[in-house]
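I have a structure here, written as structure tokens, and I will follow up with some questions on it.
In order of appearance the chains are A, B, C and D, and numbering begins at 1 in each one.
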């Protein structure tokens, strides 16, 4: 959540930006009438928007740049982080029901003399591994495996770390028939109930409900160049702009970058990446994640399970912005 | 905060445009006859959508509906603009439906049983779940947990409200926590899934209910048919995602025709109390 | 468990019968040698066995008769009992995962001003319903539905009644691939953990692990003409006698009748059936089950959940017969 | 009750009949070479069965094995006779395997970690689970729960011991309750499934473990291939019921070659403690 003057100022700039963009959109819809010259206003607004962009740390198309970085094929994936952070990681597989879903990996990691349960979406890098990992798009059995591992972690008092990186849950007929919606929902419920500390890190693409399913955590951290979005910019553009090619516009509008989401109070902490992005230096990225994990776990482990659970639910209860009796609540 | 009295049904009767013939069987439709039949096609049983107002009329005992959280309204936290500004779309939905949002919540009696009702209306921006829907659901759940009333949710939703960005997606987490709040008492929570319930609602509170009831023929899925066809190019089987397919695939407890819905819900709740 | 003199006497008779049958089997394997006349001994043993049979309440082939009664096509099935005992029963369906399995039915029943969760195997009567119900042979999703309903019952403090009637879990490739073994095991574990009262009634065919899965209950009742067996007599015969036609012999050897199992301490109570068998009078059979249910629930509801669970596990812990340091323990 | 020292391995070395060639790849087998390679075919990696004694040698630190419940022996509660009396079959199995039953239980150290071991031997009446197997498993679980030692079970079983009738089937319920006893502490319970593990063992404690490990190629199923072919006349797919198929279908956590088994088990247990 934004706090103090800094947050208020950010919000004011944000509101101004929104106002200007809406006006720009209105202008663009006006029919061209003889004698009416909109060019000046358009130019003025565009100028101010560029200024605001600089102030808020992004130029035009900055969100789209983040989308490309978040999807960068050399960006470290869950198993890269796991390999670098947790030597001796033991993968546990299967939902005990239908299948093992390679789009979600999970297992036990030795960590500072204790154990962690690490669960993450997993993409592939070459054609074979991409196909094997289904491009990081889980089916219901992936979510059910995640739940099984979370319950196992809870049984033995093991904290849970999730690594979020998926375009979204797989939109296929069989996945639907096996209850994709319910699988995501019950994973959310499982995370809401857990009485062990939970930390989620958005490491790449946080795509829609398929990503959120692993991110109902005590702490939600986000790597600087990751994105986290209600829908892919492409899908959003094709629905709202009726044109997938407007993905760049949608990327900006959706506020899916780490700094946007920090402003909105959606993530608790943004983790800086190595210069140029995590793909330039996997080891450094892993060190950054590990340090943040350490600090957050340290804090969480001081709390009683009840309080942790209460605060977790309290945090998600506060998500959202609405007006009530004239007041805007955030 | 509570506002006594029955809900305002929009002048047109609360539904979307009334068809001249049944889209399922082609039988010619008389609007009044249809309304008298609970908006179920007398010829083939096709269930036409109900507005939130009609739904409350169907379920709540006469005069028992008390809406809460009435003053909640959408804000525009992202300053969202696509082809039109978000606030304009909301205002249009308000005007066209006569509703304040895509979900109404409140207390009612069903056959004299006190319940909390949360009713969605697909006409309001596709029943999309934004901050107000999430907050209303939360307050409804809180009331249910505190008063120890069972909750009945009637779902109809296209998913998250994109115009609120991640804040809308997070309503899935928020409503899940709300369901957990009811479970910790526990108070019974029954969901009624109506046509269509998809996306974020299907992947949060709708499928977390103790008992899941659906109306016949309702499309119930996470990814909609169009997304599946366009994204992964799969051919959809006959009846894909419909209530009947969901029942066969173990995702819901029962399909209940609208005429029997209230009685059945009361029976279920009575047994869980 | 047999108790007091009555139990001891029964056990002595049982042991004598076993001894005699073993001797008979030995004799039948001896080569016919000139000058050795076994006929007298065989005749003597057979005579004594007939006497014992009368004493223990069964003639030759009595077990096989029970097998036929237990499988009688007019015997009341789970939904028959439910219909007669619980008007207004509401069926709940689905495992929320893969399918709804019609070979197991379950739902809420209003009962004496409270609610019961009733779960049972369901056979079919005509060709169509037999196929639909898969002859009462559940697949994993049937067991997972049962678990879901048991957890729902536990959440609301609702006692669980199970009605056991299956030839066994379905032995199919896909059922195996979806984890038939694990599905049965986790159902057993679920029943072991439940903190609501549980009553199981063997109403027909209690076939192997597929039946036991629903019968790890505080009280296990058994209708007089039901059977409950480690394997079907046919399967047992084909494995041990290498000849399925010896099913009659196997039926006798397996001790699968209600009186056998009462002797062995496997069931807590045998419920008498209407004259000629439950198929002659469904309504009377249902009344008998209902009365027994009532009495057992009454007793169970007086106990604290902890004690109920402890006694439940304690009961199953005592199942089995072994020798230790020369003592036979039962 | 504990009996110190290493297990008696039968004079023939504890395995079943030693093959002259590998049944998987046909490579000629030298018995000594095979034994030196932990009874894994050096040519193709096929895992030959191990006796309980060999298994304990493989897993327990030298000299650390202490068997418990050694005096438990099968009785004949049913007076069971088929083509031969039950007691005769048991005596034969005792004689041929040098074991007292199809499962041995006791304590051991694995890389200096105290554990409870429960090890089955398929040669003893097909590793069938009767009253003694159930009671030994119970005592092992009880010891694990009391001493707070993790438990490792090594399974190999054709299912319930038919000659004990329903009493054998009920060992599924009994061992399930034993697993629950460990879970309530909790102490970690890891199952190692070896060729073949089927029937009642597969439908009780084996699949209730916190982590399920399998040896390569092991047949793991509830209904065996022959039953499926004969009863429902289905054609079995290539590799049906094998460890590899179970892994793909989500039923087990991992497949571990015998050479790495001890290390892996210790790692897993170390992380769960």
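The criterion applied here is as follows: a contact is a pair of C-beta atoms (placed from the backbone, for glycine too) under 8 Å apart; a residue touches a chain by one contact, two chains touch by 3 or more.
Just so you know, these numbers come straight off a predicted model, no measurement behind them.
In terms of C-beta pairs in contact, C-D outnumbers the other of A-D and C-D. Put simply, the C-alpha centre of chain B and that of chain D have 53 angstrom between them. One finds 45 Å separating the Cα centroids of chain A and chain D.
In this assembly, the C-alpha centroid of chain C lies 27 Å from the C-alpha centroid of chain D. For chain B, residues that reach two or more other chains under the stated contact definition are 207, 249-251. Shown for chain C are the residues in touch with two or more other chains, namely 96-98, 178-179, 182, 186.
Judged by the touch criterion defined above, the protein chains form a pattern that is neither an open path, a ring nor a star, and not fully connected either. Under the contact rule defined at the top, the touching pairs of chains are A-B, A-C, A-D, B-C, C-D. On chain A, the positions that touch chain D within their shared complex are 88, 90-101, 108-110, 115, 141, 145, 152, 155-156, 158.
Only residues 183, 186, 188, 207, 210-211, 247-254, 264, 267-268, 270-272 of chain B touch chain C when the two sit together in their complex. Residues of chain D touching chain C in their complex: 71-85, 87, 130-132, 134-135, 138, 160, 162-174, 176-181, 199-200, 202-208, 220-223, 227-228, 231-232, 234, 236-237, 240-241, 245, 249-251.
Put simply, chain C touches chain D in their complex at residues 14-15, 17-19, 21-22, 24-26, 29, 169-173, 175-182, 184-186, 188-189, 192-193, 208-209, 212-213, 215-216, 228-231, 235-236, 239-242, 249-250, 253-256, 260-261, 264, 266, 312-313, 316-317, 319-325, 328, 330. Across the complex, chain C is touched by residues 96-98, 140, 144, 178-179, 182, 186 of chain A.
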